[in-house]
Structure formats: C-alpha cells, structure tokens
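Note that chain A is present in both complexes that follow, paired respectively with chain B and with chain C.
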Partner chain A sequence: MWQIIKNEWHLLIRSRALLTVSLGFVLTFLVSVFLGDLQSQKQNKKYKTAKEHLREKWESIEEMNPHGAAHYGTYVFKPSNLLSGLDEGVNSITGNVLRVEGHVQNEIVHSEASQMQSISKFGKLKSSLLLQYIVPLLLIFLAFQSINSEKQSGRLKLMLMQGQNPANIVFAKTLSIWLYGIALLILSILVYTLLNLNHIYSDLISRMLFFFISYGLYYYALCGLTIYFSIRWKHTSLALTSMLGIWIIWTIFFPNILMSSVEKWHKLPSRATFNTAMKNDRSKGLDGHNPADERRKHLEEQVLKQYKVDSLSQLPINFDGILMQEDETYGNKVWDKHFGELRNVLKQQKQSYQLGGVLNPFISLQNASMGFAGNDNLHHQEFLVQVETFRRGFIKSLNDKHAYGGSKTGDWGWKANKSFYKSIEDFQYQPTAISSVFSHYIVDLVFLLFWGFIVSILLILGTKKMQIL
Partner chain B sequence: MIQLRNVVKSFKGITAVHNLNLEVNEGEILGLLGANGAGKSTTINMLLGFLLPDSGTVQINDYDTVKNTVAVRKMIGYIPENVNLYSYLSGIENLDYFCKLAGLKYTKKELEDFLNTCGLQHEAHHKKIAHYSKGMRQKVGIAIAYAKKAKVYLLDEPASGLDPLASNELSDLLKKIASEGAAVLMASHDIFRVREVCHRIGILKQGSLIKELNSEDVSPNELEKLYLEYMKN
Partner chain C sequence: MKNINLFLYEWKHFIRNPFKVIAVLLLTFAAIYGLHNGASLYHKQKQEIERIQEKVKEDRKEYRLNYTKEDPKPSAQEPIMAIWFNHIYQFKKPASAIVYSIGQAEQYGFYKWVNVRSSPYDNDMTQEIANPERLNGGTIDFSFALLFLLPLVLLVLLYNIRSLETEQGFITLVEVQHPKNTTWLLSRITFYLVLMIIIISGLIFYGALLTNLFKTMSSAFFLMLLYSLSYLLFWFILYYYILRKGKSIIHNSLVMIGVYVLIAFIIPATVSQYLSIKHPANLMTDLIDVRDDRWELYEQPDSLILKNLYILIPKIKDISVSTDRAKTMAKNIGYYALANEFMKKSALAIEEDSKAKNQFIRATFWFNPISFYQNRLNKIAKTHFLDYKAYRDKIQETIDKQNHTMIIDTWNDVKVDQKKYNEYYTIFSE
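So, the complex of A and B:
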C-alpha cells in the first residue's frame, strides 16, 4: 500500500500541472494564513491598546459619583486565539467587544442557525474558506479519475498481476489523496503555530488536535466517496459530475435548507419582541430614576425598619444606592429569564442543525471547526456570561459605594475618590476550556466518524464490484 | 504449464470461447492467430483470472486460475498490446515500482541488468516513459515480467504497432525467455511474426481452435494461405 501511496505522490510532485496547482494553492494558503494571523494579531494589539487606554481612563477618574461611573461604564474585549485565524466562526457577526454599563445587559438575538450559513465566506480570502471549500474541491479533482485512469490505461491489470489485491489499491489511492489534504491542513496549522509560538497553551493544543481530526475525517469521507464513484462509473466525467453535485448540495443547498427549517422549528423572538418583553418585565421592577411604585415603598419600609428610623433623610446611608442595586438585581433576574429562554432555543437549534450531519458531513465539519476554534455561538455565549458576571460585580461595587460610601439619600453630588475606582478590578477574559464544552461537539465527531465508516464500507463494496476489464 | 480443458465462455448468450483445449509447455511458445473477436483476448483474460470460464478448467502450473487467482498471477508475466506505464517515471523507476508492488526489492544494478536483458538501451533507462516509443515500453513491460521471474508469459498483440526493428527485437527477446524455460502464449494478428517466433501455432475462429500446427511444418506463405482459407470458410 505504501508503494502505491508513494507513487501517487511522485505524480503530484512530478506532474508539472499538478505541481503548479499545488504550489499556487500553497501560496494562496500561506497568504491567507498570514493575513488571518496578521488580522488576529492586529485585532489583539488593538484590543490591548484599547483595554489599556480604557483602564487608564478609568483609573484616572479623580472623583465621580458612583452612579455616574456606572453609566460611564467600560468596554470588555475577547482576545482572539490562535485558531481564530483558521476559522473565525461567528466572530465577524457577533464581534468581540461588549459594553458594560449599569441597567444595560448585552443581548443575543441573532440566530445560531443563521450563523451556520457561511456562504459569506466566499469572496474573502480566509483559511476556513480554503480548508472547507477549496481543499475539498482540489481533492475531488485529484481523486475523480484515480481508479478509472488506471483501469483505462491497463495499469490496473498490471498492478493486479503483481499480486496486489484490489482493495489494497483502492485504499492506497484514497489515502494518497487524503494525505494531500492532510498535508495542506498540517501546513496551515503549523504555520499558525510557528507564528504564535508564545501563545500556545495546553487547551489550545487539544483544540488544534480535535480541529485536525475533524478536517481529517471530512477529507477522508470526501476522498473515499470520490474514489467510490471513480470505481463505479465507467466514465470519469460522470464520477466528477456526481461528486461536484454532491459537493454543491453538501456545502450550499443542504445547509441553507436545513438552516431555514431549523429556524422555523425552533423560533427565536425578533430583537424588537425580545427587547419589549425585557422592558415590560423590567418596568415592573424598581427603577432608581422612577421611585414611585410599590416595590420601592416596600424596600423603603424594610430599610427604615432595619435602621430604626422614620424617614430616608434620617438614614446613615444613601438609600438611592440600595434602590439602584435592587433594580439591578431585578433586572438581572429578568435578563437571566430571557437569556435562559433564548439559550434554550439556541441550544435546540444547534442540536437540530447538528443532526443534519447524518446526511451531510459538511455540517458536522463546520460545527466542529468553529467549535474547536472557539469561535462558535456557544463560545460567544460563554463570553457573554463572563461579561455579565463581571458587569454584575462591577455595578454592585458602584451601587454599594453609592449606598454605603458615606453619602446620604438624595446626595447625587457625592463623589467617590480615585483609590476606590482604582480598586475595581478590570475584566479578565478566561478562555473557555475545551473540556467544559467538548460534549457539545461529540455528535459532530461521531457523524464524521460515521461518514468515514460508511465511505470505507462503500469502498469495500465498490472494490468487490470493480470491473477490471 | 498452461492448460485449458474444454473451456467455454460466453457473454450475454454469445459464445466467445467454445470448448477450447490448449497446452503450452516449458520452453515453448504458442502463437494464437485469429481475427478480431475470435476469442484470443478472452482466453488470455481467463488465464489471468479476470474472467471466469462458464465451464472447463484453466490451469497454470497445475493451479486453477479461478481457485488460486493470486498464486497464479504471481507466476504470470502479462504484456498487453499497449504497455501504459507511468509517464512521469523513468523506465527504471517504473520497473522498480512494479517490482516493489510484487514484493521484490532489487538494487539499481539488478534493475539495469533486467532492462539490458530485455533490450532497453542503457541511455534510455533514466528517461521518462513519456519519451519512450511503443517498442521501448514493451521492453520495460517484459522486464517487469522478467524481474518477477515469471514462469508463464501471456502476450496480447505484443507486436501491434511496432516498427520492424522493434518487432524483431521483441521476437528475439521472446525466444530468449522461452529458452530459459518459460511457457509463452502470444495472441497476434501478425502471421509472419508468429511463424517466426512460435514453436506451435493455433488458429482460433469464433472461439474454437480450428487448427493447431508446428511452425516448422509450414512456411510463412503457406501459413498465410492456410489462415486465409480458414477465415473464409
């Protein structure tokens, strides 16, 4: 088998046309890798500069009312990881920057299914475009006449006369073309790794490994299926047409059809509906700027009772701060409720979409690729949760300062000093560990393995029916 | 070495080989003459194990080609009408590759010796096959069979399209191979070449062996006359 693989590689190396295509491809690949890496590095640099600038501004606050500071707010950034250059996933839609402000939570109203649509990748020179669309096309073009050409030239007969068994030849041909795809994949990962040696950590290595496995399985399924057609169809053109048809269905039509269906099966509220629902729920709560409602009265009575005084002016603390924190807590409950519902729908959408992998391995590949690269919607949600947790702590610190920092109720002119603002810690993004989200991608890996298995069975069956003459 | 007993083969009701009996012994060259569709290639493909006979037995060195396909193929050197090798490899690289496929590993010197023995000029050994003539490719094809120490050679129209010189070289090579103990079965249209190379000649018509004779017993012109008569009747 090794001899046949070696010989196929000889063809790749010695055929001027193939070598030119391969070199052109590798160059394009390298350009995309460099551009991707450059973009990631530029973005991270910009984020770092912006983060430092914002922190500097925050720490330079001499004196400010804590509530004013809550509205002054800040921005948090999600740095892109090494794999972002290979598959930026939904980042271009969701972005990596979020604002942190009092009363205002960040929302996710874009559909997970919609983000599966990666047609927008066309037209942009990105590694994911090359790895998901162009490499497979190249593999199809290399594989479609692999067996047929041997058959038509009579070399297949000669190979069999040398004692080779047909299955050996078929699998060797499949593996040799698969290895071509793997070589391109390794090249892109290797270049990225070398460009980011200082930013490699163990979790990223695991992610890279699963990223590699996902593509490896997909390429195998694609090569195997093309070789199968090359065995079964008498005419090479028919094998090519069949496989190109499948490629178009897999990469363009099927994902779009499934995406639309999934969005209908598990409907997400529109942004307007979502916001109105949030607003309605929140308006029932206490609002520091709108103190005349029942809950405010109840809270007021509670606090007065606690401090054993008759009026707010007698309180040793600032009731406005307590009121705003209470509103914040209620707002958090509202957000948790709506965000939770939204997450459930997104989860259902994702799960339904993932099931499409049983018919289309490309869907599993895209899910796994974005997921292992840490740039799918799930990872974005994890980022949102981190930001929201930070926001809650941040606003609570400000409200508590407003309440217990020394001012009295109604004293909106009171200001906290510089050391207080300096003591509030900045947002530190914690990359999501692959172990905590791996379960979400098992189904994608299983389907890719399933396709590898199915294709192997097809190859074995095809070999048995292979016409030598 | 080569033995066919009462072999029948038909395709979709059309008989390609009818009750064929043939035998080729060690050191012997048998030429099969016949028009297109006479059953020459079908006979060779049954010997190669690519076609199964409907009835009768096909044996190589006492091995049934149906039951022992792999073992039988290891004994056979097959040279088709067009030896299409890998054009991006040189003659010696092609030989090396096919030898390795058969599990044989030879040194460069040994490979060169095989090619020399089969008449391929030394300066051609390292040229790419794309630059070879048909005759040169045939020589590499024979070298592949020779290197695997085939006991049986099956040639399907080997001289077709060869120039007289190349054809003559091929004849000498086949004689040499037979003299070393191999059994050679050669299917051809070329009456004169068959008469010159083969020890025995069989004439196939519509799948039946209608005449078998020794080359020595007939002159080239007589053979041509005989062949044409059989074809007309």
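So, the complex of A and C:
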C-alpha cells in the first residue's frame, strides 16, 4: 500500500498544473496565516492600550463615594484568543465592550461587524476559511478521477494482475490524496506555531491537536467519498458533479438551513420581552433607592436587631451600603434566572445543531474547528460569565466599603480614598481550559469518526463491486 | 432558425440531466426559503414594533390621568417628567423589501426608548437576542441564494457545454454544421440564461407578494430585478468565456469553480482581513471617556454650567427664570444637554472611523463584485449600514430636540397640561 501511495505522490508532483495550484495554495495559506497573526497582534495591542487606559482612569479616582463609583463603573474588553488567527469563530459578530456597573448586568456591545457595511459572508481570510471551504474542493478535484483514470488507462488491471489487493489500491489512493490535505493542514498549523512560538502553552497545543484531528477526519471522509463515487460512476464527470453537489449541500445549504431551523425550534425571547421579564422580577425584590419597600423594612429590622439599636442613625455602620448589596444579591438571582434560561436555550440550539453532524460532517467540523480554536459561542459565554463574576465581586467591594468603611447611614457625601480604589483588582481574563469544555465537542468528534467509518465501509463495498474495465 | 432550434433543443439536454434539474430545484427551494426568512423577519419586527406601540399607548393613557385630576401632581407638570413619561420610541421600521435581503438587519436594534439620557450608542442599539453562531453563518435570504448559489447552479448547468463535445470528439462535426462556433455556444447557453431570468423574476415577484411590496415600495421590485439580472449576466459572461476557451469538462469545472471561489470567498475574505488590520475593531474608548466628562460636569460650579448652556442654547440668555425650583430643574436638565454634547463630539470620531472603513470597502468594489452587489441589495432592502446610521441620526435628532425643548420650557416655567403632554408626543415621535 505504501508503494502505491509513494507512486501516487510521484504522479502528483509530476503534474505541473497541480504543482502550480499547490504553490498557489501554499502561498495563500502563508498569507492567511501571516495576516491572521498580524491582525491578532494589532487587535491585542489595541485591547491592551484600551485596558490600560481604563485602568488608569480607575486608579486616578482621588476620592469618590463608593456607590457613586459603582455607577461610574468600569469597562471590560473582550480579548482576542491566540487561536483566532486560525479560526475567528463568532468574534466579529459578538461585541467587544462590556460595561461593568452596579444594579445591572449589561450586554456586550459594539461588534466589529456592526461598525461597517457588509464585506464577506464567510468571514476573513483565516486558515479556517481555506481549510473548510477551499481545500475540500481541491481534494475533490484530485480524487474524483483517481480510480476512473486508472480504469481507463488499464493500469488498474495491470496492478491487479501483479497481485495487488483491490481494497489496498482504493485505500492507498484515498490516503495519498488525504495526505495532500494533511500536508496543507500541517503547514498552516506549523507556520502559525512558529509565528507564535513564545506564546504557545500546553493547552494551546492540545487545542491545535484536536483542531488537526477534526480536519484530518473530515478530509478522510471527503476523499473517501469522492473515491467511492469515482469507483461507482462510469463517467468521471458524474463523480465530479456528484461531489460538487455534496460540497454545495454540505457547506452552503445545510448548515444555514439547519441553524435557522434550530433557532425556530428553540426560541429566544425578544430583547424587549427579556428586559421586561427581568424588570418585573427585579421590582418584586428590594429596590436600593426605594425606602418604602417592604423588604427594606425587613432588612432594616434585621440589622437594627443585630446591632442592638433602635434607629438607623444609631448604627455604627452605613445601612445604605448593606441595602445596596442586598439589592445586588437579589438582582443577581434575577439575572441568574433569566440569563441562565437564555444560556440554556443557546445550549439546546447548539446541541440540536451538533446532531446535524450525523447527516453532514461539515457541521461537526465547523463546530469542532471554532470550538477547539476557543472562539465559539460556548467560549464566548464562558467569557461573559467570567466578567459577571468579576462584576459581582467588584460591586460587593464597593458596597462593603460603603457599609463598613466608616460612614454612617445617609451620609452620601462620604468618600473612599484613592488607595481603596487602587486596591480593587482589574478584570483578568482566564482562557478556558480545553479540559473543562472538551465534553461539548465529543459529539462532533464522534460524528467525524462515524463518517470516517461509513466512508471506509463504502470503500470496501465499492471495491467489491468495482468494474476493472 | 437553426439557432432557435438549438435553443429549444437545449431543453431536452436539461431535463434529461437529473443533476441539472436538481441544481435548479435546489436554488429555487433555497431562494423561496430565503424569501420566507425575509418575510418572517419583516412580520416579526413589525409585530414587535406594534406590541411596543400598544404598550406605550397604555402607559401614556395611564399617565395622562394625572392631568384630568383637579389638582395634578406637580412633577407631572414639569416638562422633564412629561417628556420622560411620554415614552418616546424611535423605530427602524422594516421595509417590505427586507424580504429580499436581511442584510445587516440582525446586527442592530430596531426600537429604542429615547430620553434625555439616551445616546445612539446605548446597549439597546445592539442586535436582538440571537445565537451568535447563527448570526455568524448568516441567515439564508434571497440575496444569499442569488449571490452565492446562483453562480454554483450556473456552473452545474454550463460546465459540460462544448467540452463534452470536445471530449467525445464530435466538436468538429458541430463546427461543420455551425461554422460560427460562438453562435452555437451562445444559442445553447442562452437557453439557461432565459431559464434563469424566468426563475429569478418569478422569485422576485413571489417575494413581493409576501410583504405586499407593490403597495409600499414598488420601485424596490424593479431595482431588485435590475440588479439580480445584471448579476446573472455578469456570471454568464464570465462562464461563457471560460467555456469558449475550455477543452475538457475537468478543465472547465476547475476553472469555473476556481473563479467562483476567488470571487465569492477569497477576494471578500482578503478585503475583510486587510481592513481589520488597517482599521482594527473600534473598542469605543472615545465613548467611554464621555463617562468622565459627564462625571466632571457634576463637579463644575453652576456658573460654568450656565455659561456652557448659554453657548449651547443662546436663546435662554434672555429668559429670566422665575422660581428657584425652575432654576434648579433647569440646571439639572442642563447637565443632560451638556453630556449629550460630549457624546455627540466623541461619536464623531467613531463615525469617522466607520466612514474610513466604508470608504475602503467601496474602493474595492471594482474588483470585489460580491460585496458590491451585497451592499446594493441591502440598500434596496433598507438593511444597509447607512440605513442604520440614518436611524442612529434620527435618534440623536430626537435627543437633541428633547433636550432643547426641555430647557426652553423649563426656563420658561411651562406647566404641562394634557394638551402640552400630547404635543410633546407629536413633536418627538416625528
């Protein structure tokens, strides 16, 4: 089998047209990897400058009332993931800026896509674009006449007469073309790694490994299926049109139609409905600015009892700060409920979409690619959860300072000093470890394996029915 | 006559090839699906707007009760409260032509409660709650079917014309019968051109029926037809030259798919990538800095606030504020008006950045036809970036109007009654 593969590669290398196309591809890959990396660097630089600018603003607060500071708030910017140079995923669609303040869990805003008119429906020139859409086409063109041309030239008969096993020939042909795709895949990952050698760590290596495995499995399914058509169809053009049809359905029709359908099966609320529901739930609880509220009374009684005093003015602490924090705690419950429901619907949508992989391995590939690159919606949600956790800690420190920092109830003019504000830590994004999210992508890998298995069976069956002449 | 026969005979070629028939059916199915997606978004947005309008109507009715009492609440008589509780909304009403191109409609909000504290860059100006992975892939709409699927279907329809005859060796026979080889080729492919014209026109007409387009914006129908057919012609000419030069089916397929990949994927993606290097995503730090400017306003002495207000609205210089309460109110409202000015100033830098990006994209249109057509179709459907910019401008205009009216009326110590309350609604809802 190895001999046939070697022979196939010799033939491929001898083809001037293929060499030209390959050279073009290699160049495009290099350009895409280089530009992807350059963009990440530029975006990171911008991110760093903006983050430092905001921190500087925060640390420059001389004196401010802690509740005032909660309204003043801060901002968190979404950092670009190191692997976004390979697959940007949803990053250009999701926003980049998130306001962190008291009383409210804001949504991320100002996406890149919303800052200009439409350019590219399929995203930027990233390796993923070439690996998902273009390389498969090239593999189809390499594979579609692989067996047929051997039949027509009589070489197939010759090989069989020399004692070669038909299955060996078919699998060797499949593997030789598959290896061509793998070579391009390795090239893009290798160049990317070299460009980012200083920033690579073990988690990224694992991610790249799974990224590689996903594409490897998809390419195998694609090459095998094309070879199968090449065995089954009498005319090479029929094999080509069949595969082109499949490529169109797999990559363009099916993912779009399924995703739109999934959003209809598991409906998300409109923004107005979502906000009204949260507002209603929130108004049932404590309102930090509403002293007439019943819950406030209950809390007041509780605190007075705790400090064994009769009135708020006798309290050694500032009741307003406690009230604010209680309001936050209640608000957090409301947000957890509503944002939690939202995340659940998104999760259901994702799971239903992933099941489409049983009919279309491209869906599994796309999910796995942006997932392993750390740029799918799941990773985006993880980022939002991290920011919200930060917000809660941030606001709690301010409310605690307001309550226990030395001021008395009603003393809104009291101000915390610069050193306190400086002591509040800035948001630090912790990249999601692959081990914590891997389980979400098992289904994609399983479907890709399933397709590899199905295609292998098809090849074996096809070999049995193969006409030599 | 010979050419007409060729043209008619091509029908037999077409229906005898199941792949070609399936390809055309797939395109038709995708386009109909896309039209229904567009229509569904149109109805969904319309319903949401109607729901909000109904809610506003109820809220206003309730608030208006304040003015029917003998002794109305003092706060209800203040212009700021009356304007606030008028619940002024600005809507980006969907155009019926959205049925053809959803465009950027899903990237922005389409309703906003506009008050003195608003800005066109508020959180609620972002897209409706949606799955980002779906937004990333985009919804199949008619423009998607037209721009991306039509060239592929044309490829399937045309790839073997002439090359099949060349491969099977009877091209010389064809040349004997048709000395003008190009006319023979043209006659055959014209069949597919006519077929596509009929299908596309039918689809555009069908789309128009889904949202009653002829009633509201019939010009969009003709523009859509014009751009769609010119796009069809563009690919036909391109493929015609490939077929004329082509020697084999494989060669034709390879070149045609290569051209498709280049035009549909590589060029737009490269432009997009280059643009994001030249102009990385704006992190809106200019807008964020307004927070500090606003904060500083609160620290400023009244005299400075008033000085700035006089510059902003010179008319109030000549009005002497009658009561202390009016004075305090006017000054408080002044904060909003001045903060609004800061916001407008910083938004200019953002608009400039967007302008530079858009100019760059426009400059690539001559070699980037897909982006050109995509944006033209979005413009017809009123789902283009500029349509949403106009919406943002309208919001800003309303904020300005509200601030201006509030200051003038508060300065004049206007007591709002039911008539004035309704008048505010009419002025700001324009």
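In this text, the second predicted complex is superposed on the first by the 446 of 469 C-alpha atoms of A that agree within 3 Å, B and C clash if a C-alpha of one lies under 4 Å from a C-alpha of the other, contacts with A are read in each partner's own complex, and residues count from 1 in each chain.
Note that in this section a residue touches a chain if its C-beta (ideal position, glycine included) is under 8 Å from a C-beta of that chain, and two chains touch if they have at least 3 such contacts.
Keep in mind it's a predicted model, so treat the numbers as computed, not measured.
K.L.:
Quick one: is A:Gly245 in contact with chain B, with chain C, with both, or with neither? Answer first, second, both or neither.
P.N.:
Only chain C; A:Gly245 stays clear of chain B.
K.L.:
Between chain B and chain C, which makes contact with more of the residues in chain A?
P.N.:
In the superposed model, C touches more residues of chain A.
K.L.:
For A:Ile4, is the partner it touches chain B (first), chain C (second), both, or none of the two (neither)?
P.N.:
In the superposition, A:Ile4 touches chain B alone.
K.L.:
Which partner chains sit in contact with A:Leu209 here, chain B, chain C, both or neither? Use first/second/both/neither.
P.N.:
Neither partner.
K.L.:
Applying the touch criterion given at the start, work out whether A:Leu461 contacts chain B, chain C, both or neither, answering first, second, both or neither.
P.N.:
Neither: A:Leu461 stays clear of chain B and chain C.
K.L.:
Considering only the touch criterion stated at the top, classify A:Leu30 as touching first (chain B), second (chain C), both, or neither.
P.N.:
Neither partner.
K.L.:
With both complexes superposed on chain A, which partner does A:His380 reach: first (chain B), second (chain C), both or neither?
P.N.:
second
K.L.:
For chain C, which residues count as touching chain A in their complex?
P.N.:
19, 22-23, 26, 30, 33, 37, 48, 51-52, 103-104, 107-109, 111, 121, 123-140, 144, 147-149, 152, 155-156, 159-160, 164, 249-250, 253-254, 257, 261, 264-266, 268-277, 280-285, 288, 291-292, 295, 353-354, 357-358, 361, 370-371, 374-375, 378, 384-386
K.L.:
Flag every residue of chain A that touches chain C in the complex, lowest number first.
P.N.:
Chain A residues touching chain C: 28, 32, 35-36, 38-39, 42-43, 46-47, 50, 53-54, 57, 72-73, 75, 77, 89-90, 92-97, 99, 106-107, 109-126, 129, 133-134, 137, 141, 145, 236-238, 240-242, 244-245, 248-249, 252-253, 255-257, 259-260, 262-263, 268-272, 274, 342, 346, 349-350, 353, 370, 376-377, 380.
K.L.:
If you look only at chain B, which of its residues touch chain A in the complex?
P.N.:
My answer: residues 45, 48, 50-51, 70, 73-74, 76-78, 80, 82-86, 88-89, 93, 97-103, 141, 144, 148.
K.L.:
Under the definition above, what is the set of chain A residues touching chain B in their complex?
P.N.:
Those residues of chain A that touch chain B are 3-4, 7, 10-11, 14-15, 153-155, 157-165, 468-469.
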